[in-house]
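Below, chain A partners chain B and then partners chain C, in two separate complexes.
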Partner chain A sequence: MEQLLGALASMAAGVGACVLYFWGGNAVLDLIFPARGPDIGPNIRRANMVRPWLFLGPALVLLTVYLIYPVFNSLVLSFYGPSAETYVGFSNYTWLLADPGFHESMRNNLLWLIVVPAAATFFGLIAATLTDNIGWGNIAKSLIFMPMAISFVGASVIWKFVYDIRSEDVDQIGLLNAIVVALGGEPQAWIALPFWNNFFLMIILIWIQTGFAMVILSAALRGIPEETVEAAVLDGANPFQIFLKIKVPQIWGTIAVVWTTITILVLKVFDIVLAMTNGQWGSQVLANYMFDWMFRGLDFGRSATIALVIMVMVVPIMIWNIREARKDA
Partner chain B sequence: MDGIAGRKPMLLWVVHLSVLALVVLWTIPTFGLLVSSFRDGDQLSVSGWWTALTSTERNIVFRAPAADAQVEEGGQWVIAGNVFEDSQPGRITAFGVSSREPAAYTPGTPVELKDGASLSLSETGDFRISSPEKMTDKRGTRIFFTSIDPPRFTLENYRKVLFSEGIGKSFINTMTVTIPATVIPILIAAYAAYALSWMAFPGRSLLVAVVVGLLVVPLQMSLIPLLRLYTDVGIGKSYVGIWLAHTGFGLPLAIYLLRNYIKGLPKEIIESARVDGASDFAIFVKIVLPLSFPALASFAIFQFLWVWNDLLVATVFLGNNEEQLVMTGRLRELLGSRGGNWEILTASAFVSIAVPLLVFFTLQRYLVRGLLAGSVK
Partner chain C sequence: MTSVSLKNVSKSYGTVEVLRNIDLEIEQGELIVFVGPSGCGKSTLLRMIAGLETITGGDLTIDDIRMNDTPPAQRGIAMVFQTYALYPHMTVRDNMAFGMKIAKKPKAEIDAAVANAARILQLEPYLDRLPKALSGGQRQRVAIGRAIVRDPKVFLFDEPLSNLDAALRVATRIEIAQLKESMPESTMIYVTHDQVEAMTLASRIVVLHGGDIEQVGAPLELYERPANTFVAQFIGSPAMNLLNASVVKTGASTTVRLDHGGEVTVPIASRAEDAGAKVRLGVRPEDLTLAPPEGSFLKADVEIIEALGETTVIYFKPVDTGTDPLIAKLPGIHKVAKGAGLSLAAAPEKLHLFGEDGLSYLYRD
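Let's turn to the complex of A and B:
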């Protein structure tokens, strides 16, 4: 309780400091360049040159320290040894290229990149289209969207319970194995099946992200001009043709946005793998591999190198986003 | 509305059923967790949660006390007790005295044991071994029985995780991390967003591009440099460190979301205020901030869910001790150490997802609005 009060006090202090900074900074600026007296013209001009930077100041400092500086620092660290003291040249990179753990992570990450955005977008599109047509659509949407609020670790507990396995002679308490047994199959340790376990982990992320895709795509579908659909109906198009040939082509832009957003998320996926398998049974991914080298391997150089690989994979999407944003502006 | 179903009733039925299937698929894993968290631990470990409302069958072996527990009653030597001494009571349907025939007799039937002794067992588990002569066995008779348990629901799991598994303490820790980390970035981002939308200065469009670029920088990049920086500066593993970290990591989205919104405010309002001689500071505080409430709320919900559910940042910037372990971290630890104890795991998981779910269902409107504004178009 005491701790919580401390947190509330810190929050108040933090907000107070911000208010004081912005209000005080603004007051000081007005004091230095008063908007009156003989120099009123130049003063207003000078104050207007400084004020934006006053407003941007804290944000710029935080962004620089927390996001920009680390990118360059990681680049430097990747040329240094475990405790970041000795220069090792390119040896972290040569190690990485030859490392079987890295190969496994890369392969799995590529699998995730292909399957998860495609599946989540696909299910999201289906869900958006279907729920827009029925009366209880909003309730259905809300329920499909719900996993979005659940943490990756919470979701891992939920799905680990679904995948649970008991020996063959007792009742299965995991839903999936219970179904398999009821259909006459043998129970499987789903998350320990090499290669296939990747897909069972992916299902968790698809389950979480479908709601996101659905919400965005549903808004896009509603934005389609009525006339285009009506014209198609008059021409005798059936519902599937309308969907595939009239609606989908008009929301390609939004589909691309959803796809790339989920792709970014997939590149960073970490919690699910850590909680479900911790990379065992051939299910390692880059983000967890990096974490592993950071905390268990205690090798900052190698870990930073792996982080850079993730960064490099993000860069194309980053450039694309910036170009799209500039087009709008 | 002429959607995919058009006016064909058959197709409409297919749509209804498909949506129902989707909804069931998407909710059933969480529902299973919820049901399980209220079930009795013994029942949970032997039967699926979908059987929670039916009775469960258990096969148990009970060893009666050895001969030194016997008492003399009216010329008979007797050992009596109840077979449910060490477990939850149930109703016995069959029993036996050898492992080869564990269900040979129905309750109430007297069974002859060796040396002239006899055993009777009632449906409720009361047993009585009686013998005309003093018994001598040193190991006690084994009683095999099958019992039917009525469904049992309990709050015990929640009591246990909250008070003895440390989830209660972790709940407080998570709150401690989340509240400041949600509120502090809002003001900083709002000022920056205003400057980026309504103030003219050189380099503005470059800064906007930088913010858009930073939206996708993976957190993984920042962990090691910041960990080293924190150690050098002396912040170490502290709440201050994680508040600042979450603030920094949340800023790109906050600025982006708020800028999209603030830029869209009607130009006339802001320009007429300028003409009236209001300073940028006054315009921001008196006009822009109140008008931006929906966008501020959207971001606050995002940031709240993200910080509450975060595992990575908390694992790196906070310690593993009782005072700092957050709920996601505790849950992960329990998955490792209590992997088989589903009554502990399900209840813990539900405690940790309850608050986000509450926020989600009450404030969904703002969340959706934020999502729509926040996805880079």
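Let's turn to the complex of A and C:
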């Protein structure tokens, strides 16, 4: 109860402070440059020059403190040793280039990058097309979209059960192994199978992201002018050709945005790997590797270096993504 | 030879019947225009011929082959949509070639067909452009080109000009007329609600109203001998004046007395039992003339004058109990004062006579 009151009080205080800042700041500005008297023209002009900064100020400060400063600090940290005290030049970078853990993470990230956006977009597109054409499409859509509402860690817990393995003398409670055994196969420790385990982890993210892709693509498909489809019917195209040659090309922009949005997400993938394997059995990825060096290796320099690598990979895709999304609108 | 034939065709959406018992024979080489008010079923009828809507009842034949269940692409038709419906991601050339590519025609044949259509429509400079880099008129020409490339037996147009501005509409209308002349064997079905398009393009006009065909005929036939009051008022602008009257003398010509006016004899036959019947006397605004009081059958008070130079349109206060103003369209310039009472007349052979059911006395048998 006390906590609740405290939360309410701090909420009220926060909102109050904001109101006070914007309203008060504006009032003070009007006091300094009053819109009357002999200098009315210049005063209004000056006040109008200051006002945008007054209103943008808090946002700019927060952005600087929480976004721009950390980037620069990471850059600086990457040239320092584990505890950020001794300058070590480029040695973090040379270490990284030679480090087998980093190589493994890079290779796995590339695999994720190739498979997950492609698969999620592909399944999303299929789901969007099929659900738009069946009676119970809306129910199917909700079901496919549902995983979006689950946190990555939550999803990992669910899938841990799917991939679970028990010793041979007890019943398999893992869905996958239960099926394998029922079909007469040997139970497998799926998430410990080097190389292949990467794909079992990817399935989780695909499962989550297909819903996202489906919703966006389904909206785009509905935006296609019906007459272009009818014209194609008159031109003799079959449904398959209409889909591939008329519909998909008209939503390329949206497909690209969905693809890159998932790509950015994949580059940052962390929770799933942490929860499922913690990077063991050859399933390490960059974000988890960074986390490892930060909180287990306690090496600020190396983890900052890895963070920068991730950022350098994400930024160009993000810029392209934002441009493409703007073009669509 | 009959090109398209509709026999007792109807269309319902669920329990709503939007087209009823449509019977229509279209000869090869005709340009048939469907006109009618919004929502009367013009597009639906056209789309049923195209195969984009199912046919709920009756038979559709094209070149004497029943087409009710034939897929659209195999009906030998091509359609031009109001919104052009060009494929936005394809160049003009690919837009026109798409159908033939789907049909896996040899490349040389495709190129020849596209080049021919581009030449007819003067699209050669734009072949490698995307539709978004074309003007509205050019886009519509591409849409027509796409239809030409298909080399169809029947062309279908659904209000192809209504997205163009007024000047371009006139130019494109003339182009379509020329196109038709250059392809005398092609049958064309053209939907519009623009009267001028209908009157200038059509070899025959089909007037639709509320899902029924009201009349089929050559443009001037509909103008001169409308079958009922709907067609009479739909064709021609401003619409025909209808005046309440009753029959006083029957025979080879009929004399009627206007409820609010004099007597007039119309050279239209009537039967003995028509004596005393309530009728509607139709007179087109352009057929009304100013007359000395003794020669006129109608007096009315001027309400609004529209002087256009070549014509003067005068709106009179309603002479009947109704609210429709009486309209006269006089050639040249007439200086009349507002509120003035004028005497009007019309040549007897220009008058129309409709029974109480709205049907013309001309078509009774």
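Everything below uses one rule, namely that the second predicted complex is superposed on the first by the 315 of 329 C-alpha atoms of A that agree within 3 Å, B and C clash if a C-alpha of one lies under 4 Å from a C-alpha of the other, contacts with A are read in each partner's own complex, and residues count from 1 in each chain.
Quick note on the criterion: a contact is a pair of C-beta atoms (placed from the backbone, for glycine too) under 8 Å apart; a residue touches a chain by one contact, two chains touch by 3 or more.
If you're wondering where the values come from, they're calculated on a predicted model, not measured in any experiment.
Among chain B and chain C, the chain that touches a larger number of residues in chain A is B.
In the superposed model, A:Q280 lies in contact with neither chain B nor chain C.
In the superposition on chain A, A:D132 makes contact with chain B only, not with chain C. In the superposed model, A:T94 makes contact with neither chain B nor chain C.
After overlaying the two complexes on the shared chain, residue contacts for A:T86 are found with neither chain B nor chain C. After overlaying the two complexes on the shared chain, residue contacts for A:L234 are found with chain C alone; chain B is out of touch.
With both structures placed on the common chain, the touch criterion links A:Q250 to chain C but leaves chain B unconnected. Where the contact sets of chain A with chain B and with chain C meet, they give residues 230, 233. Contact residues on chain A toward chain C in their complex (touch as defined above): 225, 227-228, 230-237, 241, 245-246, 249-250, 252. Taken together, the chain B residues at the contact with chain A in this complex read 1-6, 8, 11-12, 15-16, 18-20, 22-23, 26-30, 32-33, 36, 44-50, 172-173, 175-177, 179-180, 183-184, 187-189, 191-192, 194-196, 199-201, 204-205, 207-226, 228-229, 239-240, 243-245, 247-249, 251-252, 255, 279-281, 284, 305, 308-312, 315-316, 323, 328, 331-332, 335, 342, 345-346, 348-349, 352-353, 356-357, 359-361, 364, 368, 371-372, 375-377.
On the side of chain A, the complex with chain B involves touching residues 1, 3-4, 6-8, 10-11, 14-15, 18-19, 22-23, 26, 30, 48-49, 51-53, 55-56, 58-60, 62-63, 65-71, 73-74, 77, 84, 123, 126-127, 129-134, 136-137, 140, 142-154, 156-162, 164, 170-175, 178, 207, 210-212, 215-216, 219, 229-230, 233, 239-240, 242-243, 253, 257-258, 260-261, 264, 267-268, 270-271, 274-275, 287, 290-291, 294-295, 300, 303-304, 306-308, 310-311, 314, 317-318, 321-322, 324-326, 328-329. Within the complex formed with chain A, the residues of chain C that make contact are 50-52, 71-74, 77-79, 81, 83, 85-90, 98-99, 102-103, 146, 150.
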